[in-house]
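Both complexes shown next keep chain A, but they swap its partner, so chain B is in the first and chain C is in the second.
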Partner chain A sequence: MPKLPPGLSSKDFQEAIKQFEAAVGKQWVFTSDEDVALYRDSYSVFLGEPEEIVASAAVAPDTAEQVQKVMKIANTFKVPMFPISTGKNLGYGGSAPNLSGSVVLDLKRMNRVLEVDDKRHFALVEPGVSYFDLYRYVQERGLKVLLDLPDPGWGSPVGNSLDHGVGYSTGEMRDHFGSHCGMEVVLPNGELIRTGMGAAPNAKTWQDYRYGAGPYVDGMFSQSNFGVVTKMGFWLNPLPDAYLSGTVTVPKHQDLVPLVDILNYLENSGITNGMPQLGSPIFGGPFAPPDPELGPMMSKPGGATPAELETYGARKGRGYWSCGLQFYGPEKVIAAQWEHAREKFSSIPGAKFQDGPSYKFPLTPEQIEKSHKVTVGVPDLSIFMIGARSPFNANPSHGHVWFSPIVPRTGQAILDAQKVFTDAARETGLPLLNGPAPLPATYYKRAFVFIFGIMVSTDPAVNRKNREAFKNVIKIAAEKGFVEYRTPPAFQDEVVATYSFNNHSLLRFHETIKDAIDPNGILAAGRYGIWPKAMRAKRA
Partner chain B sequence: MPNRREFLQTGIAVSLLPLLSRNGFSAAAPRAFDLVVVDQRFPQARDFAQQAREAKLDCVAIQGDITDFYFHDLSLRWNRCPTTIAGLSTKAALFCLEMLARDRGMRLAYMAEVLDSEPVPDVPIYVADPKTAEMSIIGEDREQPVVWVIAPRDACVREQGGI
Partner chain C sequence: MIGTNMQRAAIFGLLAFASAALAQTPTDAQLKQGKEVYQYWCWNCHGSGAGKPGTEALRAKYKDTRPADLEQRTDLAPAVIKTFVRKGVSIMPIFRKTEISDAELDALAAYLARNTGAKSAN
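And then the complex of A and B:
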């Protein structure tokens, strides 16, 4: 028997289900245990425990009009609803709600690519469209655009951007929310709005100009519970002529500081436009066999000193740090940009350079196969094949949740963060699985984000211990100024609590909005710490 | 990329009646499966694929990753209608297929591990008769080969009377 939404009688819930069926069609309302179980979070840190957050039912509308009807019914019966696009956000909650007993509003049937314009370089899509769908649309029509994709690419552009997801191509497009333009939203009361130029009925610029006139409200609908986004526009890369990559390595521990300074200059000046990648080649690659010389150095109390590692690196011919650069554009232009980047990095004594692959678009299938596919605009699932049991990975886990704090874009901040996270892991017992010198991801042009995968286990005792440790690490990191940008529902209250300026005035502002536009508190209760008024006092 | 968790609805139990004594597919298979997927890296895959072909089933080979197969073949079939497919692949590949199948009205209906020392488990023809809705983890070792069936929801799910 399905779980009942909190506060609802079985009779009212049955009546609500009946009305949902009338609104969207009986076959698109799911109440059987078998169906509802599919909305569990595959990577839940509560798996098998009474605290696991599970849905009571699911409703899959086909149009914005049906979403409106569903929201009106939900208001009538005070049914808590939790919208998902494709629900593939594994590691950050998947398709499970924040509040047990919620009805999942599954938007998978709203999977229409409404427009892709390769002269103005934008797309307008519904939330059930996946990156694969959008890629197929572009390929079948031979449109001259390059998609920016997350990895894996089975998610939804709408869902990914609303959760502040990121991709792998140019700096402007990697920030998926930052590169959206225009939304259609069903408010909790069922009213339909369009943002930006979409609010002007005759405007032809909904996907060209973001702001319209008056307050810019789009941000309210990301990582929030203020509306159900039913259409969303995105800017796209023009298909570039060519792609080029190269890597610089530097020999000293402290070289990380000028390395990042120069990288910032190059990226913020537009000289390199692809996603850079920082590395620490001195420790070998992620799947390299253990080095019998390095192992004892690292395992002694306190680990190896930077000076010891520099000597070791010089002997092995390995740089201490590396930075991979990627360029998209006309062949001659990107060759000149790489040349200029080399000149800039040459100011670091001992810097060495290696040319990487260069291609012309469209790539051949062989070139695509050799590439990190998402960097050349091809959606991919092969990431799920990585990390199998091997001599170097004896205990693959059952899933993961991400700990992802934002860090200033300086070399010194990286070194400080490495110490903070390493110490925090030791103090809390949380296994941070990113090697001896974790480095941040560079999805965002203006900030680093560290991405640590925290193992999920089949053993509830291990999960309980890791949950507590995770919460402690959130606090410890925040005290040092390293605050998370995104987190699974299990930790959203804790992360939002770290945004505490002026006695949590930002959260109180969010709550004020929530109470005004969703007085019954029916939409995505608890998402990113925003609880309906009726539940707030109980949780405080 | 860290590992993932997989679920099996043990409730989507299968009728094991119409099986042949040999491992693989029964003579009724052509009516039961629209497609068979085989990860040809596994030695057991050869016999499995051979039996599928003998049963006149469409058979597609993969090597671990399902991306190309999904994009160029399966998703196009699924655009037309839900299908019943059987396969021998890693759990990781099955996990991806199962997650994608959910969006198109299908689900995992059967799964059994393929062990080195034993014959490939029989693949059931009919997926029906769900007994319970308990979910269980189907395993943590993503490289473990498994045989499986993904089938349209209507073949798997018992509609329930009340709430």
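And then the complex of A and C:
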């Protein structure tokens, strides 16, 4: 037995395991050292240290009924449980719990695509379904929908949306939690509920209308520990006729301000509907070879001034900033939308335009191979080039954790954030590896998300130093108004502490709910700072 | 460095005993299952074509001395495959038994080691 859950006697734990085995089948309860080690967070920032958060066992039910049985047994013996979907939330905790000694409730076996409707454009899936699985289901049946995808295709639509993951296609669908519709949830006491229209037994609108009647409670089950989601509906894009992309570049440092203003107008008006992508071509792109002219300019104290960079950019024929746009829709319509976008951006002196790839759906295999796959609805894993060995990286990492603050959608906020994060990196020594001018990496329709990858080292001293620096950067950024939306378990207490309005009244409200619906505190203790009453002293 | 060095030592040790593992002859059904497991779980990182992080990492590691595409390798021992799947390496995560069962892993390992022995293991 690798580790006992905190507060449990060996005898009670053995009995709980025996009852778990009766509930789900002996082969689906994992207790050996070797098997439990498979639930380690592969990207843990505690790699090789005694503080690493590890499970005591794992239980893998196949149905919601089995989840109910498991939760009832866990309540009887006060066994801490931690649910995972596909367990691939890498960089944000992977398949490991928040509390060492928890039993992982591994929902991977619940991998059924229950329904995909390409007339009303929704899917209903279980938590063990991956984006790859959903894509295969759609392709095998020739269904006319376009999936919105995060970068790693092995993620779970359920798990990703519950952790507020973001995708690449239309603004509405990129918000994976925002585009869900209807849930089935096992509460900590083992009771099964369905939300929205799912609570009305004869309603045929569970995946069409979110709210039902009365309070809308779905948000309680995201980034929380109030229930185990066993089914979840998602709205999908209809398969569009065509895809078109283009890029605008602007020459001046301060052009970022009107660039973002116009982008917001276009996106919030529905004139451009795909994920935008801001860039800084002046620096030559992420894999550009060192530039003998730029290098010395950037490395002098204080770095290059905007005026120097503008002169350099003009000489090199590079814009200072760029904004990639993507359009999904009928071919003639999106061509007109791109034309209108060009007209709007032309108000910025010196703006230049370049057409990007365009396709008709469905794409040919050759087109898919050449495309940025997730933008055309094809799940992929190419994002894992980050940190992997490559011609540009002779020292591969052992994973990474993400620092992911939300930033307002203005050009000035980006410039302010760049200064805050650059200064914070210098002050704390945290290697925020996004180049000289970090830009949003992910785009909610109404908010930017900066994402910085902090590489996990095999040297515990480096990880210890980075953990402390990470915590400091959380505080420094929050003081300037840039607060994280999502973080690994190692930093959840610190991030939640930055949501401190009225003496942390939101967290205290969450704790009130926790105490009411999970009085034994058995479900996902510590997730996003919500600790059971008996463990609340652990809170940062 | 502890974990990584131990893991590397284990892997090199396993490579040394590759010939012992070759004694097991996989069935056609096992190879078919192994290929299916490979295509489902491994191909998106280790297959041919652009944007495959595993393939690119192995290309950078071995240069032209070994194929970057795992399916083309002739020097893989089943035990090595199993170690990487269950322990992870670099950015490749651990795979649990609810993802790849022991029987599926046996089949996968047999499939990727099917050409081993055609050329020298090292």
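Keep in mind that, in the parts below, the second predicted complex is superposed on the first by the 522 of 540 C-alpha atoms of A that agree within 3 Å, B and C clash if a C-alpha of one lies under 4 Å from a C-alpha of the other, contacts with A are read in each partner's own complex, and residues count from 1 in each chain.
The working rule: a contact is a pair of C-beta atoms (placed from the backbone, for glycine too) under 8 Å apart; a residue touches a chain by one contact, two chains touch by 3 or more.
Since we're looking at a predicted model, the values are computed, not measured.
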Clash or fit, chain B versus chain C on superposed chain A: clash
Partner chain in contact with A:Gln14 - chain B first, chain C second, else both or neither: first
Contacts of A:Leu4 with chain B and chain C, given as first, second, both or neither: first
Partner chain(s) touched by A:Ser32 [first = chain B, second = chain C, both, neither]: first
Contacts of A:Gly453 with chain B and chain C, given as first, second, both or neither: first
Touched partner set for A:Arg318, first chain B, second chain C, both or neither: neither
Contacts of A:Asp380 with chain B and chain C, given as first, second, both or neither: both
Contact residues common to both interfaces of chain A (with chain B and with chain C): 34-35, 37-38, 40, 42-43, 47, 86, 88, 90, 108, 128, 132, 154, 373, 379-382, 384-389, 396-400, 458
Contact set on chain A toward chain B in their complex: 1-2, 4, 10, 13-14, 17, 31-35, 37-38, 40, 42-44, 47, 57, 86, 88, 90-91, 108, 128, 130, 132, 135-136, 152, 154, 373, 379-389, 396-400, 433, 453, 455-456, 458
List of chain B residues in touch with chain A within their complex: 1-7, 9, 11-12, 64-67, 70-71, 75, 90, 92-93, 95-96, 99-100, 102-103, 107, 130, 133, 135, 137, 140-143, 153, 156-160, 162-163
Complex contact set, residues of chain C against chain A: 1-4, 40, 44-45, 49-54, 56-58, 60-61, 86, 88, 90-99
Chain C-touching residues of chain A, taken from the complex the two chains share: 28, 30, 34-35, 37-40, 42-43, 47-48, 58, 60, 86-88, 90, 94-95, 106, 108-109, 128, 132, 153-154, 369-370, 373, 379-382, 384-391, 393-394, 396-400, 458-459
